[in-house]
């Protein structure tokens, strides 16, 4: 299994869309840095991400979420929040980490 | 578990260096090993001792140096990327006929092979970039 | 320091805070620029609108929370802050999600007024077209 | 230099050449990495496919044209080059627009063969999933 | 009148779309660096740019086009090619230059 | 016509510095004046004298220095951005207690006011960035 990491806003870059296109079912995706905007309810990307939650485990880095004035209750249902230790665990539990730069 | 870390961006401009630091610290705190932190592209600029950030801000370079000292980390700056961007140690400065060097304590300059080696020897390689 | 010229300056912010330093260093330019007594406007477009999100809390990422500094803009007489409505909309944000940036209106008995105008595409395009200098970050 | 381990390395290139240095410095890693006798693949996705566009000519921008260096990959035994078909399609590009990267197949009387495979979404996803190390640029 | 400059690929960033949304009729737009990919025929963005050509003067920087292996005959009809001197002229002829970073 | 130029990115990583140089050169060749080139954000790294690019590549820093010498250009590095990123001249190094400096010939360090001034005094301000 792969942990995919996305660190850019889906509004600014194509990395989230590209990642979701090529991640296989069952893979995990971590949204961090400006990537956290992809995890939020109410955005133009909510449907894309809600769809992805059905086949992938999606995580968002809480410290990056809070830095940007967002809270866990703004996060799309089914997305789990993690801290840096959780990020490390995800990297360890998966077979490889693929960054979508 | 052994992690290798790749940092592709310099300090302050992008969060990549901050994220890589927080990840590295958390990995160490949770009992993992860091095989090597490799600084590539503008990431080499994390290794300069000449930064003077505002006093109320984090000191990215010193933070790496201190974490490195505490955990005996191998902080490696890519030589080819460093030459393009003006990051030199004493030897390199001498070899290139430059009158100054700017590498920070705890960093060393070496070749790209060290990145491949980190890929081979680490259980996981984690990349932080733009 | 400079000749006595007054120009219309617009600062355009299209990037989210913290992921890159542009937001912070753009704000530093605006504050320094305020001393030059030019006609200053600041626009927040695309991910730039996230710069004004309230409740920012950076303890967890070890970076300085610079969002309170936007509150100082009013004291520096930077009172024309324009936020692109379409950018808010596609992010599911409303005016309530933004910091309440205000200034005291000298000409109106120092009444506290909002510095933020939420503008549509046409208003924003017109604003841009009125400028002498556009600085993009 | 290292223990006798063979790992599967994938280099993922998603950025256009010249606008940023990632393409060039990624290629430098691939060439150095070739000396380590690992199982190496290189993928070109999104704007990364533009790196392989033929007829690059940089005289006008004063930068070095590094595209001929991709031709050296075959000599370095980097022969597994994967190009995302969807990325080509949405850019209006076909295999004919790309440089003709080849290698000599030792096991087939040194016949010259193409290193490039144009792959669909599923093939690319499977390839990624087989790797030990994924380096992204 | 304004000269708008776009230096990023429309596939990677939102700057071209944002620029075209907010440029007023009659304004000029220069595509350079990785922005030249927006000037090409056959891409997913061809229609957007073809539409823009009707109300805006669109230019592409030839040295950046050639660096990336493209030629003037690949450029959407109505887009004009310029060199750096042409870029300078455009900046001088217009009242202001607005970069879409 | 008088141009002001703003460069927001460092050498080699992004084309911005190259484009700014080509624009500046073309403007001068076509009889225009350059009021000032201001280096901000990572752009300050264009002003280091410690780079050693590959011999078959352009030397971005020297190219600025030479163009500056030829046309008496005002090449200004932002002090606040420079401090964060480790770009110092002799005075700054002394003031900050640093044992080395790395500024290149022809560049000077000054405040952000110089950027605003460039906006006021130039007929056009052209911004190059990421």
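For clarity, chains are labelled A, B, C, D, E and F in written order, and residue numbers in each chain start from 1.
Throughout what follows, contacts are C-beta pairs under 8 Å (C-beta built on N, C-alpha and C of every residue); 3 or more make two chains touch, one makes a residue touch a chain.
Since the structure is predicted, the reported quantities are computational estimates derived from the model, not experimental observations.
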Applying the touch definition from the top, give me the chains sitting in contact with each of chain C and chain F.
B, E
Measuring between Cα centroids, what's the chain most distant from chain A?
F
Farthest chain (mean CA position) relative to chain E
B
Pair of chains whose C-beta contact count is the highest in the structure:
B-F
Mean-CA-position distance for chain E and chain A (Å):
33
Between chain E and chain F, what is the gap in Å from one C-alpha centre to the other?
26
Separation of the C-alpha centres, chain D versus chain F, in whole Å, is 35
Check: chain A positions touching at least 2 other chains come out as 7, 11-12, 14, 33-34, 63, 83, 96-97, 99, 101
Two or more other chains touching the same residue: where does that happen in chain B?
8, 12-13, 15, 22, 41, 54, 57, 80, 125, 127, 129
Residues of chain C whose C-beta touches two or more other chains:
15, 18-22, 46, 61, 63, 132-134, 136-137
Assign the assembly's chain-to-chain touch graph to one of these shapes: line, ring, star, complete, other.
other
If I apply the definition of touch given earlier, which pairs of chains qualify?
A-B, A-C, A-D, A-E, B-C, B-D, B-F, C-E, C-F, D-E, D-F, E-F
Note: in the complex, chain A contacts chain B through residues 5, 7, 32-34, 63, 83-85, 87-89, 91-92, 96-97, 99, 101
Please name which positions on chain F make contact with chain D in the complex.
12-15, 18, 21-22, 54, 56-58
Touching residues on chain B, where the partner in the complex is chain A
1, 3, 8, 15-16, 19, 22-23, 25-27, 29-30, 32, 123-130
Chain D residues within the chain A interface of the complex
12, 14-15, 22, 45-46, 86, 121, 124-126, 128-129, 131-134, 136-137
Would you tell me which residues of chain B are touching chain D in their complex?
6, 8, 40-41, 80-81, 111-113, 115-117, 119-121, 125, 127, 129
